[in-house]
Every structure is written in structure tokens, then in C-alpha cells.
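In the two complexes that follow, chain A is the common piece, with chain B as its partner first and chain C second.
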Partner chain A sequence: MTSLILILISALFFNGIIGRVKSISAGRKGPGVMQPIKDVIRLFHKGAVYSDVTGPVFKLAPAVYLASVLIACLCVPFGNKPGLISFNGDFVFFAYALALGKFFCIIGALDTGSSFEGMGASREATYSMLAEPAFFLIMGSLALMTGNTSFQDIFAELHPSSPMSWALAVIAAFVFLILAMVENSRMPVDDPKTHLELTMIHEVMVLDNSGIDLGLIFVTGYLKFAMYAALIANLFIGSIPVGFGIPVFFVIQFACAVIIGLNESFTARYRMNHNPQFIFTLACIALLAVFGVMLMSGQLV
Partner chain B sequence: MPMNNNILHISNGSRVKVAEIPVLGYDGFRATTLELMSDKARHCVSYFAYPCGEGLRLMMCIADDNAHDILVFACDVEKGAKLASAASECLALERYEREIHENWGLEFEGHPWYKPVRDFMPKKYKFFQMEGEELHEVGVGPVHAGVIEPGHFRFICNGEDVLHLEIQLGWQHRGTEHLMLEKKRLIERVLLAEGIAGDTSVSHSTAFATVWESLCGFKPSEEVLWARTLAAELERMANHTGDLGAICGDVAYQLGAAVYGRLRTPIVNFSQRWCGNRLGKGNVRPAYAPYAFTEELKQQLLSDLAAYERDFLEMCDKVQHFPSVLSRLDRTGVVSTEQAESIGAVGMAAKCAGICRDTRASHPYGVYGSLDVQPVVKNTGDVLARTELRIDEVKQSLAIVRSLLEKMPSFDGASAGSASGSVRSASGSVRSAGSPAGESFAIALTEGWRGEICHCAITGADGELVAYKIKDPSFHNWMALALAVRGNEISDFPICNKSFNLSYCGHDL
Partner chain C sequence: MFSQPLTGLSLWFMAIFTIVFACGAIYGIGYMRHYSGRPLRNTLHWINYAVAYLSMMTLCVVDNSIAFLVSWEIMALSSFFLVIYESEKPETIKAGINFFIQSHISVVLLTAGFMMIAAETGSYSFAAIPRYCVENNGMAAFLLLFAGFAVKAGFVPFHTWLPYAHPAAPAHISGVMSGVIIKIGIFGILRMITLFSIDFVTAGAIILAVSAISGLYGVMMAILQHNLKKLLAYHSIENIGIIGMGIGLGCIGAGSGNTVLATLGFAGALLHTLNHALFKSVLFFCSGNVYHGTHTLDIEKLGGLAKKMPWTAALFLIASVAICGLPPMNGFISEFLIYSGLFGWMQGAELGVTTGAVFSILALVMIGGLAILCFTKAFGIIFLGSPRTEVDAHEMGACRIVPLVIEALIMLSIGICPSFYAKLAGSALECFPYASNTALASTADLSFVGLASLIFILLAGLIYTAKSRHNSRHQVSEGPTWGCGYTEGTPRIQYTATSFVKTYVQLFSFVLGNKKEQELPKDIFPASGHFESESYDKLESNLIDRPLGAYRSFTDRFSFLQNGKMQYYVLYGIIFIVFTLIISFIFS
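Take a look at the complex of A and B:
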């Protein structure tokens, strides 16, 4: 329960902080930290427009998308305190709950029959597919090291053990952070600021969504960011008392948002055909982590 | 070349009697055109038809970059005549022939692609199609996501790769050439010329003013030419800087977008200070310089440029050495030299493909003759080349502006406004070029920031305009964009498009 509440709180600010970092580093005044939430509130006051060619799937998709991410958030523990859903192998459930949402988002986009949305859907499907091995490999290495298969047990065990677990935590944090950028279609894979449909990945997929549906998709995006950052935070707060854990949690959330903001301010995005390579690199790093753990624990030789 | 005896050689900005222009039979006209165009130093700057007596007269203007003159010859044809296409052998003429066909109903037999130029009927016209299970079409526009002009882009893609792009324009057609004839007051015509492409208003209005002055037999004073040249270079700097920002924006390089966006402002603000308009509208008028350039403005400009140059050079150094930006620009959207030559590309599209084609050097006007401008030429023809060309041209413009300021002429009462220069000159000091001579033909080429601009005018017996032809560099260069994106990823189209930054309204007129 703690983790869910904390994720919800940090989701309120996460994208706003990214926006602030970007506007400050560009020397602009920029919108306030609460602007993303204000946008969503504005959208919730609007009706939605549906194209004649779309069916029920299109209307259902945003709600399923949000629900899937909420369910995934329920699996996230807070250090050694379990999330609302916790069982052995829950990280597999976590990954496929997210995949279900993405699946609906994709078929919702295909439902519009627009060539733009088809293009976006195909890109999003490709990149999520490529990102999946990275997630499982890094979770696998954590599971291998701790000998547990649920989020809560893994994170509880991770921290106190050895310098090795610190090293692994840092690698995992890096992989999760990049995964968060890929899954949220941020730089360097996608450019959330662009108005050019042909270069978009996520935005072009939700072009036909409007009003409350678009609001739901935005909220889902904010939640996803906070959720991944919460996973990163969990790597470091395993055994810290809750009183210390909560500030550390928010510091890590804040740091993640700032890193993403700085990255978006000072680099250019990748060419589309470099993206698969980049995402595969993540899987390779995760694979190294797996081998490292196997080597250290003597399971390889 | 023996045929050259039949052809009139004139220099940029000059006037001739219509009767002096040799009129050939169509076969001779076509053969001469093809023979002249076979030399790479020559390109067609204008080819148009206008009503002459009962029939139509085709007017061909070919610029010779080596001889620094323009070759002019004509041909009389009947209305609705069926002619052998010259474009079937010289692709650079294809758009001119389509335009003539569309405007005057002449048929060009054997034309490679009879596609509408501006008169587009969505129901009647069938876009180019390709068959294949794995191919799909993506249509973009005419309404776009950004606040830009309308144009329709039809891609045929294999997955992410673009096989073919067809560009359909015409939504901005305002009938500018017709309005030029219809509007009788000079001020209306100047305003029309400024509005041909709003971002190139200085170069277009300079071309108009040059044509008008030469029709009137008026020779503008040195300070008028000086002011136009300065305004044109400032326009070039402002637009190139803005484009660099937009290119950075398209590759999501926020720092570049923010810095270049900011750097454009002092340049356009200086224009505002000088002539009351950020885009230099109102700064060029036939026969006189409406806004004096004072010592005070000179000091202002020098200090603006010093501040601009420092930041500009620093930012360019970053962009030109930043791997993540370079990986997006390098080898993206390549236009080969052969392609650029065959479509008759001008301006940036040509200069980046290794073609040295710059009106400032080959057909100098204003005070460019005394400046010895060396065109910047790049050989790779990709987006990076067009980015670096802009950077180099801005550096060149900085040098030109500084050397112009050193030779600043004095703006005496005759052409000057008030001391601050920001107030329109008193009516007593406005000078007129006089009235145009009858039965005359005048042509002016200028090098706008996009490339070569050509204005041609023909007067009737009473000195009234009977034809006015405008050619913006975008007229040819849209084809360069269509060729550039072939074989690229569709997601790279925006960056290719931005690297050309062509004008929709300049094409559509």
C-alpha cells in the first residue's frame, strides 16, 4: 500500500519536473511543475471525438491501458514491504500486465485504420518487443543472486548482502531508467516534443484519441514513469527503515526525472534505425549482469 | 556555337526592346534550348508564355554562369498548339512546360510527367502508384501539424523505407502574377512582390524594384543599392540562423534549437529598428531607399553582430562536433550532383551538391559586383552539407555586412528619412523612377537565401505591363526534396524537408 501511494504522489510531479529541467536548461521560463496534471484535468473536462471507422476496441483501449499500468503498480513493493499483489514470480505478471496494456493501445491504434497510427503501432510494438529481454534478464540476474522470485523478496535481500549487490543494483538502475525512457517513448528513442507525425512513435499512435481518452493515456504515462523510478528506488531502500526510505524514494524519483530532463536537453534523438541497436545494448548489459552473478556465485564453472 | 548568333545576350537587370529579342520557329527554339542547356554552366532561369497578338509567345531565358550574361530568345505559337516537349530530353524544363500547359493550354507531346503544378483536383488526379503486397502509402497534409503552409506529400513506403515521394502543391495559389498586371499602382505591386514569399521579402522586392527601375530606364543611386544589399544579407543571416535552430529542433537537440532560435532575434530586431519590420518589408522600394542607414544604426548593428557572432560560433562548434546530432544529419537525404543538375536545382540544393551556382557571383547585382563573393559549395549533398552550408554562409554574410559597413555611403536628404532612420521619409524626398518604357523586356536575378530568384517583365506599347513572370527557387527545388528522401527512412523526412526549407507560397504564387 505504501508503495502505491508513493507512486501516485510522485506521478503527480514526475513529468512536470522533466519539463522544468528542460525549460531551465533551454533558458526558457517554461510551464510549472503541475502543468501536466493541469493538462489532464483540462482533458477530463472535455468530451471525446470518435472517428466513424473506429469500433469498441478503440474506446476500450485507453481504459485498459491505464488499468494495466495500475495493476503493475500494485506489484511494486516498497523495500521489504510487499506491494498489494505479491507472489513468487510476480515480476513476470508485472511485465505481462504492462504488455497487455500496450497490446490494447496498439490494437486501438490499428482500429482507426490510419496509416500514421499503423506506423506508430508497428514502431511501438517493435521497441517494446526488443525491450522485453532486457527486463527479464536483469530481473533474472537479481533473482539468481538473491535466490528469490518475487519483487519483495528480491529487494529485501538485495541491499544488505555484499558490494556485489551494490554493483548489480547500479546496473539494474541504469537498465530500468533506460527502459522507462523506451517504454514511455522519451528521448533518445522518441521525441515527445515533436509535432512531426512521421518521426513519432507513441504520440502518432494516439493521434485519434481526444478528451478524456487522451487524458487517461497521459495519466498512464506519468504512472509508468513513477513506477519504473519506484523499481529503481527499491534497489536501494531494501532494508532502510521506512522513515528514511520515503525521503530516499523521493530523492531517487527526483533524480530520475532530472536525468531524463537533462538527457532530453543536451542530446539529439537517435535515427529510427539505430533504436533497435540501442535497445539491444540494454539486453546485452543485462546479460552481462546475469553472467557476472553466475560467475560470482560459482554457478557457471 | 553558330546558333548563338540568333540569341540575345543581356546582363542581369537590363532592359531590351521586345523587338530586339530574336523570334525563332518552334523547332529552332527547341533545338537551341536543348543545345544551350547541354552546357552545365547554363541553366534555365525562366521559361514562360504570354499572349502576343492572336497567339502566344514563349520566352526562354537561360543564364550562363561563365559568361555572366542571360540568353534570351522567343518563339510564337498558336493557342492550343501541340508542341514537341523539350523536357523529354532536358528534365530541368519539365516544370516550366507543365506550368505553361496549365496556364495557357499548350500541349507538350512526349512530356515525361503531366502532373498538375498548381491546379490540383483531388478527384481527377491519380497519384503515382506502385504495386506490391509489402508496400503502403502514407499521405501527409495538406494540413500539417505545425503552423506551416499547406502541401500534400504522398509517400510510398516499404516498411520504414521511402521508395517514392510525390509532392502536390498549389494550395497557396493566389494569382500573384496576374495581380501584378491587374493592380496598376506601384505600391500595390511592391507589396505583392514582398508577399511572394514572406520570408524572402527583401530579395523578391529587390528583384521587382530592379525590373521596374530598368523598365523605367532609372539608375538607382549607390546608397540605394548598398541598402538593398545589406538588407539581403541580413535576411540571409536571419533565415539561415532560424533554419539551423529548426534543424536542431527536428533532431530533438533542444540546446541548438533554443540557442539558434534566440540568435535569430537580434538580427530581425535590427531590421525592425531600421525599417520598422522584422522581415524587412518596406525596406526596398523602386528608385529610393525609404529608410536611411545612419551612423547610429551602424554602431548598433556592429555591436549586435559582435554579440551574435560569439554565441553563433560557439554553438556551431558544438553542433558540428556533436556525435548524436551528426549521426542524424550525416548521409541523410542525399541529392547527387547528377540529380541536382538534371532537375536544374538552384541555391542551397545546388550548392550542396557541388554545383557552383550563386547569382551574387555569376550575375552580380546591387553592390555585389564590388564585393567578390565566393560561393560556398559543399559536395556531399546531404542534410549535413546543407547545415554546414548555412553555417558557412552566415559567416560569409557576417564578413560581407562588415565590409559593407566600412564602405557605408552617406544617406543625404534626398533619400534619407529622419535622423533615427525609423520614420518614413517625408513625401517631398520620395523619388520616383518615372514610367516604364513601352515594348520592353526586363529581367532581374537575385540570390535570395534559398537561391536564385528571377523576375521578368514585358510592357506593351503604352508602357503597361503585359506579362510579369516570377520564379522562386522553390519552383525547382521541391523536386530535389522528392529525390532526397528516396531510400531514406520515412522518419527522416522532416529533417530532409527542413534542410531545404522550401517555400510553398513562393512555388504556388
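Take a look at the complex of A and C:
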């Protein structure tokens, strides 16, 4: 329960902070921290325009997309306090629930019959297929390290087991951060602020969504960021008492937002055909983490 | 005298076969109305349907390898006749003959395997197999039998008959065949595991490796297909791979005395057998509805069917979610069990074990991701968007919807109360060494998974209702799809199935076979040009077609022997007799 409330709170500010960082580093005045939330509230007060090609799938897709991320947030623990949903192998459920959201997002885009949205859907399906192994491998390495298979047990036992676990936590944090960027279609994989539909991934999938549908998709994006940042925070707060844990949690959320903002300010988007390599590199790093754990536990030598 | 007291394993499989055969029969009544002009042939068809069902039931209960082989042959023949129902089409006959030959390769392998055992023990009873394993190393016999069953089940590289036979058969037959007839191969493998006592760790590792490759190769090829039934046929290979991974894990657990691993592996395999039987038959039945509604199975020609065939579309969507292994449907439950087994196995603190587990997890994750790519393509291109060609689609009658709805409800109930179904599978589970029902109940938190899935459905429903209520209070209007400034869009500019998977095809071109033929427009004022690309099964062409071609050109050299002159044939007879006499003379 703690984790859910904290994720909801940080989701309020996450994208705002990214925006602030970007405008400060570009020397612009820029929108305020609460601007993303204001955008969503504005969208919630609007009606909607639906394409005459679309059907029930298009209307269902944003709801399932948001529900998938919410249910994934429920799985995220807060340090050694379990999330609302916690069982052995809950991270498998976490990943597959997110995949269901993506499935609906993709077919929602295909429902419009637009070639641009089809293009975005195709890219999203291909890239998320490539990103999935990285998550499972990094969770596998954590599971191997701690001997547990639920989020809560893994995070609770990560640190006392060995000092080397800090190294693993840092690698895992790196992988989660890049995953968050890939999943939310940020730089360097996708540029959410580009003006050309041909070069978008996620944004081009939701071209036809309007009103509350678009608002729900925005909310889902904010939650997704906060959720991945919460996973990163969990890598470090497992053995800390809750009183210290909460400030550390917010510091890590803030740091993630700043890093993403800085990264967006100072890097360019990759060419589309370089993206698969970049994403698959993540899986390789995660595989290295697994071998690192095997090395530590004395299996390799 | 040939039967055994019914074990849980047989009952589990008999239940699966009965559900799917019953739904297939109801569906088939509706399907066959389109062919009502040929009563004789239809009678033969339904007799064969009944015979196929009975022979499958017999296979589940017999306890003697001769009786087993006879029933197996009856099953193979009756399903051959079921496949070639539309025998006036030459491609149906070709596919049927291919199926017929490969079924008999399986029979040959099985006969050889059973004879190995009978030659040692002098008995064809299944009870002789444990005795055989005491005195001999049963590995060779086991692997022979495994290969025989693998042909039927469709493990790579014995999979080549599936993509031909399924599209050729009527939809209810493809559904039944993919749903259950290939599962008789899985049943055979599991039955042998309960009988043999061999080095299960090695056998399990072999099964695991073959299955992981089957799973990956099946789904990778499925993505390329444009014929809906062929796509589904390749997906059967993928799912057989997932089942096989469960069996492999279970074997490794049984071999190393790891109760948890054996339980999770075998339970995952058993449940996935049920799950796949359900969702794959629904998908094939839907493909039959699409075929009769539009008279084509070519994905590229379809589109926007959800408006005209809402029931078929909804059922196809539910089954697609299930086959991708996504919660809240049933496919997730069995994959979850296999994942749990893999993550548990990984803790084995041994280099080979951890590496094996890591790569198996990687394979399963990739299979999941690729399946999502494949089914978003299939569902999105067929049912969503606007029609790509002028087709006069219409929804089918209740006879072809109701059995699918029943199966979909069973699927959903497995997703929501998995522990109930795990308990049902329990008595089948008890047949395997080291696997136990109590271990399943204590290790896998299936009831939590079901609960989480239920919360998920409620949450999505809640958000959707809130959204609809919100929209009913605000102004909602309709307009054309946003064309990014381009106003003259036609359905032809929509993304096609080929373009949807183009990035994937480029990425994995090192595995996939893709023939390209192009003539690009030349000169300043280009006149014409064309581009064609066609995918083919690389394994099939390298492992089957090429050796077969080489064999044929080798045997062609002896064609002078068959010259049509009676004198020569008499001469061959004399040579043979003389030769036999000499040999018997020497050895006596």
C-alpha cells in the first residue's frame, strides 16, 4: 500500500521535473512542474472525437492500458514491505500484465486503419519484444543472487547478502532506467517532441486518441515512469527502515527524472534501424549481470 | 486384457480430447452446411470423425504396444481421411499425402522402439518396459519412441507436415487436429516417462533443448505467414515447444529428485496441453468463420472484419490474448508454472544448471514477445482497420459461435481460478516420479495469480465504465481517421501484414528464409518494375527437401533396372533365389 501511494505521488511530478530540467538546460523559461497534470485535467474536461473506422477495441484499449500499469504498480513493494499483490514469481505477472497493456495499445492503434499508426504499432511491438528479455534476465540475476522469486523477498534480501550486491544493484538500476526510457518511448529511442510522424513510435500510435482517452494514456505514461523509478529505488532501500526509506525513495525518483531530462537535452535520437541494437545491448548487459552473479557464487571458477 | 486401470494421466487427456471433439462436432455441423450437396462424402467424414475420437480414447487406455500401434494406425488413417475432405483440390491431396507419409514415419519409429523392448523381454505389454529398463539402458529405446511421438506432436525438425495439413483440412478438423490430435504425441511422451526409468536428467535436457528450439522456430516462422491457418499451424509448433519445455523440466526434476521442479514442470506441461487445446481450437474455428464469411484466408486481403463479424472478432481476440500467455487468460497460468520451475531450477548452484535455466528463460521470454508481435498482426490486420479488398463478410450462425463461447468461458475460468484446475490436474500429476499434488499446492501461489487476474479485469472494467459515463456527459463526435494532413486516404494505404513485421524480418533475416525477386524501375522515365518476396521454411528445405532431392537423384541412377521387360524381371527373380540359396548354404 505504501508503495502505491508513493508511486502515485511521484507520478504527479515526474514528467513535470523532466520538463523543467529540459527547459532549464535549454535556457528556456518553460512550463511549470505541474504542467503535465494540468494537461491531463484539461483533457478530462473535454469531449472526444472518434474515427469512424474504429470500433470497441479502440475504446477499450486506453482502459486496459491504464489498468495494466496500475496492476503492475500494485506488485511493486516498498523495500521489505510487500506490495498489495505479492507472491512467488510476481515479477513474471508484473511483466506479463504490462505486456497485455502493450498488446491493447498496439491493436488500438491498428484499429484506426491509419498507416502512420500502423507504423508506430509495428515498431512498438518489435521493440518491446526486444526489451522484454532484459527485464527477465536482470530479475533472474537478482533472483539468483538472493535465492528468492518475489519482488519483496528479492529487495529485502539483496543487501545483507554481500557487498557485491551494491554493484549488481547499480547495474540493475541502469538497466531499469534505460528500460523505463524505452518503454516510455523517450530519447534516445524515440523523440516524444518531434514534429514528424514518420520518426515517432509511441506518439504516433495515439494520434487518433482524444479527450479522456488521451488523458488516460498520458496518466499511464506518468505512472509507468514512476513505477520503474520505484523499482530502482527498491534496489537500494530494502534494508533501510521506512522512515529513511521514504526520503531516499523520493530522492531516487527525482534523480531518475533529472537524468532522463538531461539525457533528453543532450543526446539526439538514434536512427530507427539502430534502435534494435541499442535495446538488445540491454539484454546483453543483463546477461553479463547474470554471469557476474554466477562468478560471485563460485559457479564459474 | 490390453487395458489398464485408468490412471489420472489417461483421464486428464481423455477429458481434454472429449471437450475439444465435442465442441468441434457442434461447430462442424455448422461448417459442413456449406457442403451439404454431397451426402455420401459427409457421411464418410463424420464416421471418420467418430473413429478418430474412439481411437484416441483407445490410445489413452491400452496397455500393450501392439494394441497401441494398431490404434495409432487407425487414428492416423482416420485423421488422414478427415484432412482430405476437399479431395478435389490438388493441394489438399498433396498435403494429405505429406501428412500420411509423415504419420507413417512416426509409426516406423514407434514400432522400432517397441520392438527393441519386446526383443529383450519377450513381451509386448507396457508392464515389460520397467523390467526392460532394469536390465538395459533404456535411453536408446526412449529416444526412438520420443522421436516417433515427436513427429506426431510436431517438434522441430519433425514439424513440416503441420503447415500443410492444417490449411488443407476443414476448419473443425484443423481445430481438432491442432487442439488434440497432435497432443496424442504429448500423451505418448508422458506415458513413456511414467513407464521408463532412465537417466531422466539427460533425457530432460534433450527434450528441453528440442522444445526451446521448436518454440522459438515455430513462432518465428508463424510471424511470416500470410495464410491465417498456416500461421496458426506454426503456432501449434510453438505451443508444443512450450509444453515440451515443461516436460523437459519435469524430467530433469524427476531425474535429480527435485520435487518442486518435477511438480512445476509436469504441471505446467499438463495445464498447457489443456490450455492450448482450448485456445487453439477456438482460433481455428474462428479462421473457419473468416473463411466462410469472406472466402479467403489471405490476411493481406482482409481487414475491418470486427464490424461485420463481432462475435468471431471478440472470440479471436480472447484466444489471441490467451495464446500470447497474457493474464488474465489461461495461457498465462501454464507459462507461469514453467517460469516458476525455471527460476527455481536456476538456484541449483551449478554452472550447467544455471546456464540452462537462463537460456530457457530467455527462450520463453522471446517466445512470449514474438507471439505478441504475431497476434497483434493477425488480429489487427484481419479484424481492425478498414477492409483492404471488397469482401461481403457476414457473421456465422449460432452453431459456429456457441461452442467457441463455451471454450472461451472455460479459458477465462482457468485464468481466474487456476488452483481449481491445478487440483484437477493433480491426479494426473501423481503419475510422474517425484511430482506431487501437495508440492504444487505449497509451491506455486496459483490462487494469488487468479486473484490478481480478477483484480485486473475489475480494474479495467471500472476504468472503462467510468470513461463511458464521462463520455456520455460530454460531446462525442465522429470523424475520419487523422491522415496527418493527407486527406485522400484509401484503405490500400493502411499498414499491411508484411509491412507490420518488416523490421522483425530484417532483424532475424539470419534465421528466416526469404526469397526476393525484384526488378527496380530504371532510367530517367521508369516504365515498370516489380518486387516480390516470399518466405519459406529454411529447416524444411535444408533438412527434408535437399536430402530428399539427393536421394532421388541417387536412386534415379538405378532406374535402368526398371525397364519394363518381363525377361529382366524373371532374371531378377532368379538372381534373388540363387543369392538366397547361397547365403543359406554358407551360414548353415
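Odds and ends about this structure:
One rule holds for everything that comes next: the second predicted complex is superposed on the first by the 298 of 301 C-alpha atoms of A that agree within 3 Å, B and C clash if a C-alpha of one lies under 4 Å from a C-alpha of the other, contacts with A are read in each partner's own complex, and residues count from 1 in each chain.
By our rule, a residue touches a chain if its C-beta (ideal position, glycine included) is under 8 Å from a C-beta of that chain, and two chains touch if they have at least 3 such contacts.
As the structure is a prediction and not an experimental result, all values here were calculated from the model.
Once the two complexes are laid over each other on the shared chain, residue contacts for A:107 go to chain C alone; chain B is not touched. In the superposition on chain A, A:197 contacts both chain B and chain C. Of the two partner chains placed by superposition, only chain C is touched by A:57; chain B is not.
Within the superposed three-chain model, A:27 lies in touch with chain B and out of touch with chain C [touch as defined at top].
Once the two complexes are laid over each other on the shared chain, residue contacts for A:116 go to chain B and to chain C alike. Contact with neither chain B nor chain C is seen for A:281 once the two complexes are overlaid on the shared chain.
By the touch criterion defined above, A:187 reaches chain B but does not reach chain C.
Of the two partner chains, chain C is the only one touched by A:49; chain B is not. In the superposition on chain A, A:270 contacts chain B only, with no contact to chain C. Taken together, the two structures place residues 115-116, 118-119, 197, 273 of chain A in contact with chain B in one case and with chain C in the other. Taken in their complex, chain A has these residues touching chain C: 44-57, 59-60, 62-64, 66-68, 70-71, 74-75, 85-90, 92-93, 96-97, 99-100, 102-103, 106-107, 110-119, 121-123, 125-126, 128-130, 132-133, 136-137, 140, 143-144, 147, 149, 197, 207-208, 211-213, 216, 273, 276, 287, 290, 294, 297, 299-300. Across the complex, chain A meets chain B through its residues 22, 25-28, 115-116, 118-119, 187-188, 191, 193-199, 264-274. The part of chain B that touches chain A in the complex is made up of residues 136-140, 145-146, 160, 248, 250-255, 257-258, 262, 322, 324-325, 327-328, 332, 489-494. Contact residues on chain C toward chain A in their complex (touch as defined above): 303-304, 306-307, 317, 321, 324-327, 332, 335-336, 339-340, 343-344, 346-347, 349-351, 354, 357-358, 361-362, 365-366, 368-370, 372-373, 375-377, 379-381, 384-386, 443-445, 448-449, 451-452, 455-456, 459-460, 463-464, 467-468, 470-471, 474-484, 489, 491, 493-495, 499-504, 506-507.
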